[in-house]
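Both complexes below contain subunit A, partnered by subunit B and then by subunit C.
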Partner chain A sequence: MSIAVSGKVKTKMPTDLKGKEKNRKITWKEVKKQKVLLFLSSLFVLYGIIFCYLPLVGWLMAFQNYKPKEGFFHSQFIGLSKFVQLFSDDLFIRVIRNTLAMGAINLVATFLTAIIFAILLNEIKSKKGKKVVQTISYLPHFLSWIIVTGILHDALSGTGIVNDLLVRFHLLKEPINFFAYPKYFWGIVAFANVWKETGWNAIIYLSAITGIDPSLYEAAAIDGAGRWGRIKHITLPGIKPTIIILLLMNIGNVLNAGFEVQYLLGNGLVKSVSQTIDIYVLKWGISQGDYSLGTAAGIFKSMVSIILIVVANQMAKRAGEERLF
Partner chain B sequence: MDKRMILHEKKKTSLSDKIFIVLNTVFMILFVVITLYPVLNTLVLAFNNGTDSLRGGLYLWPRKWTLKNFNTVLHKNNLLIGAYITVLRTVFGTLTALAANALLAYIVSRKRFLFKKELSLFWVITMYVNGGMIPTFLLYKGLGLTNSFMVYIIPGMIGAFYMLVIRTYMGGIPDSLEESAQLDGAGEMTIFIRIISPLCKPVYATVALFIAVGHWNSWFDAMLYNRMSTSLTTLQYELMKLLSSVMNQSTSIQAMKDSATAVTPTSVRAAATILTMLPIVSLYPFLQRYFVAGLTIGGVKE
Partner chain C sequence: MKRKQLTAAFMVLTMAAATMMGCAKDAQTSKTTTDGGKEIREYTAFFAVPGNEINDDNEIQQMIAEITGAKVKETWLTGQTAEEAVGTLIAGGEYPDFICGSDGTAQLYDAGALVALDDYLDDYPNIKNFFTEEEWDKLRQSDGHIYWIPQFNNSYGENIETTHNDEAFWIQTRVLKWAGYPKITTMDEYFDLIERYNEANPTMEDGTANIPYTILCDDWRYFCLENAPLFLDGYANDGSCIVDPKTEKVIDYNMTPTAKRYFQKLNEEFHKGIVDPESFTQIYDEYIAKLSTGRVLGMIDQWWNFAYTVNDALKQQGLEDQGCNYVPLPITIEKGVQNNWHTSGDTLNVGSGLSISVDCKDVEGALQFVNDLLSEEVIRLRHWGVKDVDYLVGDDGLFYRTDEMRMEAANTAYKASHLCTYSYFPTYTGMSQDGINACKPEIQPLEFLSGLPKNVQECLEAYGCKTYVDMIGTNPIPGPWYPIYSFVGTMTTATEGGTAWTKIGELKHEYLPKVVMATDFEEAWTEYQEVYNGCNPQSFLDEVQAEVDRRIEVSKQSAQ
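Moving on, here comes the complex of A and B:
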C-alpha cells in the first residue's frame, strides 16, 4: 500500500486550465531561457516513451497471430479471436474468479486489521510501548515475499508451530499439510498479506488519528462518552476520509495484488484456486510462447483495473467524499 | 442521588477501562509475538542440525547447534554470485534512480517551466497504465536488455511515485533561494546540485531507502529476463529456487538421504533467509524513521 499515499499527491494533479492559459506564453525568449530544462525534459520524455508508452503499442499483438519470426509488422491480424479463445477457456474463467476473490479477501482483511490495529495502538498510554510495538509491526513490510512465504511455509509445515499447537490443543489429531488442500489456500494468502502489511498500512491511519483535534476527545469525555463511544464518534469519523481515499486507491489495485504470494505458495495440488491472471499470462505468454494470448489476458486485466478505479471514484463522488480525480 | 449515579458511572467506566487496557495490552503482546516468532523460528532452524530439525519440536532455541547450514550457504557459488549481483544492483540502481528521479522532480517543480504540468501528467499516467508483462518482455528483448545487468538498472530508473514525493518536498522550498542564485548567474544544473539538493537530503534519504529495499528484494526481473545467465542471478531469486526445492520435496525421506551431510534443503534455506534478511533487519532500527517520513512527506498537501 506504499503507493496509496500517491492518492493525495494525485488529488492536486488536475490541471487548472484557466490559470495555465493566463500564465503561459511560449515565446522565443522563454524557450531560450529554459533551454537547459527543455533539453533535459526531452530526454526524460524520450525515456518515458520507450519504457512506459512503447509497451502499450504492443497491445496490438492481442489482435494478431503474433509469431516472433514474422515480427510485429508482418504478423497476421486476426481481430478478436484471441479474446474469444480466452473467454472460452474454462481455466481463464477460473483464473479471473481466483484473482477477484483473493483480491477482495485481501483488501477487506488488510483494511480491517490495519484500522483496528491503528485504533487499538492509539489507545496504548505508554509512549515507549507504543513506539516499540509500532516499530516491530512494520518490519515485515520490508522483507521480500520470498522470505515471507519461506517463513510461512516453515510455520505451517508438518513440524511447524501451527500444526504443533493445533495437535497439542486437540484441535487436530495429527499434523496436516496446509498447502495440499485448496480450501485453506485463500486463507493462507490473506493471512500472509495481513502479517506482512498490517503494521505498515496502519501508519497512515495513526497519523490521521494524531491529526484529530484533542479537544474533541475532552468534550466527549465531559459528555460521558466511554472509550467505545469516543472511538465510534470521534476517531472513526476523523479517519473516514483517509479510509475512503485508501480504499479507492486499493480497489484499483485489487487485480495487481495477485502474483507473488500465489506464485510462490501455489503448487500442483492447489492450482485450481491459486492461479491468478498474472500467473496465467506468465504461463501461457512467456513459458508457452503464446504472446498474443498472454497480451490479451493482460489487456483484460488492465481494462478491469481502470473500470474499477473509475467506478470507485464515481461512488465516492456520489457519496460526497474525497476522490482521486 | 445524582452524585451517586455519577460516581457509580465513573467506577463502572474505570472498571471497563481496566479490562480494556488489560485486553489491549494482551492483544499487542500477541501481535508482537505473531510478528516476531516466525522470524525467530527461522533463526532457530538456521542454527540447528538439519537432520535433527526434521523431528520437529523446535521452538525458541536450537537443539543441536551447528554452523554447517551457514557454511553450506557460504560455499554455494550461485548464492555468492547472487549476493554480489544484488549488492551491485542495489548500489548502482539506487544511485542512478535517485539522481534521475531527483532531476525530473526538479524540472517539474520549477514554477516557470513551460511544460511542467504536461511533464507531470506524462509521468503520472505511467502509474496507472502500463503495457503489461508480455509487451514489456518483448521490448526488453528487442533492446538487448535481456541477459544483461542493465535490465536491473535502466527500466526501473524513474518511478513516478518517487518523483512526486520529491517534487512535493521541493515545492516547499522558498523560491527566494533560487531567485537569488539566478541573479548571481547560476545555471539550472548549479541551482539543482548546489542549492536545491542539499536542502532535499531528508527526502532523498527516504526515496533512496525505498529504492534500495526494492532492489534488494526483487527477484522477478532476474527470473524473467536473466534466467539463462547464471552469472546475473540475484540473491532473492536463488532463495526462491531454494524455497521451491523445499516445497517440492514431497516427503522428508528425500531429505533423509542427505542426512550424512546434516544439512537439508530446509535448513540451508533457513540459513540463506537469515543472511538475506540480515542487512535489512540490522539497519532497520536506525533507518525506520526515514521510511515513515516518506509516507508523511507524500501526504503533505501543496
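Moving on, here comes the complex of A and C:
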C-alpha cells in the first residue's frame, strides 16, 4: 500500500503540470521555477525511502542463517533454504490456506455489509435518527481487539448470552461451546470483523453518496423511479468508483487477515483453522529465535499481496474502471 | 522568496533533529532525589512471567530505595508466552536493565543480550554467598561464564516447607469433609469421590452450580492437562519426560499405558459431565475467575499458578467458611505406587534466573542493588513488611500477624500500594539470619498454622497433618540431573530434538483436548498416537538423555 502511495506522489505532480503538450521535455528552467514544489515533495519521497524501502534491507535475513549476536554482516548466507524449509512444512501450507480463507471471507463480509449499511442509512429521513445510528455503529471501531474478543468469549461461551437465548427459545437442546469446534471459527472471526468495522467503513461510502447530485434523484423521482429504482440506478452507479478503489486496496490486504483476533480467540482445539501467517511467524520465527524463517514467511506474504493487487488492478483496467495505478 | 526558503529549510532541519533526538538513547541511568536529599538510582526490569505491577508510589519500595539507594520499575508478561516476549525484545534490540527470560533465557544468551556476571561476583558478598562454588559452576554456560542468578528455592538455614508449591490433584475441603475425610490415593477414587459429592450436593450454598472438575489448557499453562501421567506413575517432576532414577534413562510419558488410562478416564468423565465442558476453551483469567467463585471442586494445577490469587479471593468473599479452599491429595494410578508429587530440598533451576542486560549503563550499581536486596533488613521488608504495621514481634522475638493484618496482606489494593516483594529478584527462603523467624510469613510454622483458613486446619487435623506437604508426603531429589525441565526449557528449533519437542507441544495442544472430548476414545487415541510418532519424538529423547548423562558426569567429577 504505502509503496503505491509514495510512488504516486513522486510522479503525479509532473503529469498534472504537463497540461496540453504531452511530449514536452522537462527543462532546467522549469525545474528551477518549481523548485519549492520539488523540494517539498522530495520530503515525501524521502519519507517513503526511509520508512518503506530502507527496512527492506532486513529481507537479507531470509537468505542468511541469521543470528542476532552476529548481525547482518557476520551471519552465514544460506540461499533459499529457509524458503525450502517453509514450503516443505505442512503447517505453513495450512496456515496459508487459513489466512487466504479468513482474508477472503472478511473482505467479502465487511465490504458488502458496509455498502448495504451506508445505503440503508442514507435512506433514513430523520436527520437525528441517522446521526444516532451512525455514531453508535462506528463506536466498536475504537475498541481494541482484546476487548472485542473478551466480549465475544463471554457471549459465545457455554453459559454466555447467545447460548442462553438459543436454549431458552428452544433452538438448541444443550448449549454449544462455539470455540471448541473448528467449523464455527471462521464465521466467528468474520462476525467479529463485521461488528467492529461496518459502521466505520460505511462512512466513506456515505460521503460518496452525499457527493451525488441531488437533481439526479429528483429527475428519477419525476420519471417514476421508486426507492429501489433510485438506489439501483443512481446511488450504486454514483459510488461505483469509490467501491472499486476500496476493493482494490482491500484485495492487497487479504493476507493481512488478522493477528490479534485469531491469536486471542484461538485455542488448541481450533488450532488447525485459526492460525494465520502472522501467528506462524510469531510462533516459529520470533519465539524460537529463528528470525530468518519469520522473514522468509513475511517476504512470501508481501509477494503474494503485490501479485494480488497488480492482478486486481489489471482486471479493473480491462473492465475500463477506476484503478490505482 | 529567499526568506521563505530559509524558513522551510530551517523547519526541515528542526524536524529532522527532533526525530534524531527521539531515537537517541539516554546515556545515563536515570536518577531521582528523595525528600532526604539522597540520590536514588532507577532501573527498569522485565520478567517474562506473569506478575502484578505495583504502584509507582509504593510505600515499601520507597523504604527499600532509602536503604539501598535504588529502585526498580518492574514490568511483567501479559497475554503472550515468555518466548514470544523475549523474541520480540531481541528483534527490537533494546533491553531493560534487569531481565528474567524464563523459558526464553536461552534465546537471550544466544543473542548476546546478557552481561557475564562471574567477574563481578567477588565484589558482592551477599550475591557470592547466595550459592556454593559448586552451584555457581552449574550455572556456567557453554562459554564458561555465568549470566543469570536463579532466584528461588534457596534456603538460608533450615529449609521449612509448609505449602506444596508444585503440581497436584487438588480438592476442596468441603468434598473431603462431606465424605468424612476418607483416604484417597488413586485417580479412580478421586473422580469417584467428586462424582458422589456432586450428585449429593450439586450446588453451593447460594445456589450456584458446582463445576466438578476443570482443566486449564491455556497456551503454556496446559501442564494442568498434559503431564499428569508422569506423576501418576510415581515419578518426580522432571517436567517434560520421566527420568528413571534406577536406570538413569529417559522415558517418554506421553504414550505409556498410564497416559492412556488417564486420558480415557478424563474422556469418560467428560461425557458424564464431570469435566467442565469449557475446559479447553477457557483462558487463564476465566479459569482463575471460576476458581475464585469457589464453584470448582477439583483440578490439577501448580500451587503457584492459582493459590495466591484464588486464596485471597476466597478469603475476601468469606468462602473459606464454606470449605472452598484446596488441599492436595497423594494420587497415583494404582494403589501401591509411591507418589512423588513433592520433592524436598532446594531445587536449583539452572535454566533461568535474573540477568543484567547489555543495555544496562551501570552494571556495578545494578549488582549492588541485588546485593543489598539480600541483606537481612531488606529481606524482612520484602516478605514481612513493616514492623508493627504488617507484623508484630512477640516477647520471644517471634514474628506474628493479627487477622486484620492477614486480611490486609490479601487485599489487592493494599498489595499494590504498600507491599513490595521484588519477587523475581533473588531471595532466601527457610529460616532467616536471626535464627528464630522464617524468611516469609507463610513458612513461619506458628504464623502458617494460625493463618490457615479454618476449613483447611480442620481438614489437615483430620488427616493428622500439620502442613500441606504432609498431605502428600515428601521425597528426596531423585538425582543430579533433577529437574531436567531446566534443560528442555532452553531447547529451540535450532536442533532436531528441539524441533521435535516444539512440534510435539503444538500437536498435544490440539490432540489432547480432542482425545478427551472424542465420542470414540479408542479411535481418537490411535489417531493421536500416529501423528505423535510422526513428530520424531526419539530425537528429542536422545538429546535429553545426553544432557542427563552430562549432568550426572559433572556431578561425579565435582564429588571427587
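Rule of thumb we're sticking to: the second predicted complex is superposed on the first by the 269 of 325 C-alpha atoms of A that agree within 3 Å, B and C clash if a C-alpha of one lies under 4 Å from a C-alpha of the other, contacts with A are read in each partner's own complex, and residues count from 1 in each chain.
What we mean here is this: a contact is a pair of C-beta atoms (placed from the backbone, for glycine too) under 8 Å apart; a residue touches a chain by one contact, two chains touch by 3 or more.
Because the structure is predicted, anything quoted here is derived from the model rather than measured.
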item	value
First, second, both or neither for A:F179, with subunit B first and subunit C second	both
Which of subunit B and subunit C A:Q314 touches, first, second, both or neither	neither
Partner chain in contact with A:L269 - subunit B first, subunit C second, else both or neither	second
First (subunit B), second (subunit C), both or neither touched by A:T210	neither
First, second, both or neither for A:K69, with subunit B first and subunit C second	second
Touching partner for A:V36 - first (subunit B), second (subunit C), both, neither	both
When both partners are placed on the shared chain, which of subunit B and subunit C touches more of subunit A	B
First (subunit B), second (subunit C), both or neither touched by A:Y291	both
Partner chain(s) touched by A:I146 [first = subunit B, second = subunit C, both, neither]	both
Shared contact residues on subunit A - subunit B and subunit C	36, 40, 146, 153, 158-159, 179, 264, 267, 282, 285-286, 291
In the complex, subunit A residues that touch subunit B	2-3, 5-6, 8-10, 12-13, 15, 20, 24, 26, 30-31, 34, 36-38, 40-41, 44-45, 47-48, 50-59, 61, 117, 120-121, 123-125, 129, 133, 135-140, 142-147, 149-155, 158-161, 164, 179, 195, 199, 203-204, 207, 224, 226-227, 252, 260, 264, 267, 278, 281-282, 285-286, 291, 294-295, 298-299, 301-302, 306, 309
Residues of subunit B touching subunit A in the complex	9, 13, 16-17, 20-21, 24-25, 27-28, 31-32, 34-39, 41-42, 45, 53-59, 100, 103-104, 107, 110, 112-115, 117, 119-124, 126-139, 143, 154-155, 157-158, 160-161, 164-165, 168, 187-189, 210, 213, 216-220, 224, 236, 239-240, 243-244, 246-248, 266, 269-270, 273, 276-277, 280-281, 284-285, 288, 291-292, 294-296, 298-299, 301-302
Partner subunit A, residues of subunit C touching it in the complex	4-5, 8, 12, 79, 81, 83-84, 86-88, 90-91, 93, 104, 107, 110-113, 217-218, 222, 277-278, 280-283, 286, 492-494, 502, 506, 509-510, 512-514, 517
Residue numbers on subunit A that touch subunit C, as the complex places them	36, 39-40, 43, 67-69, 91, 146, 153, 157-159, 177, 179-180, 264, 267-269, 271-272, 282-291
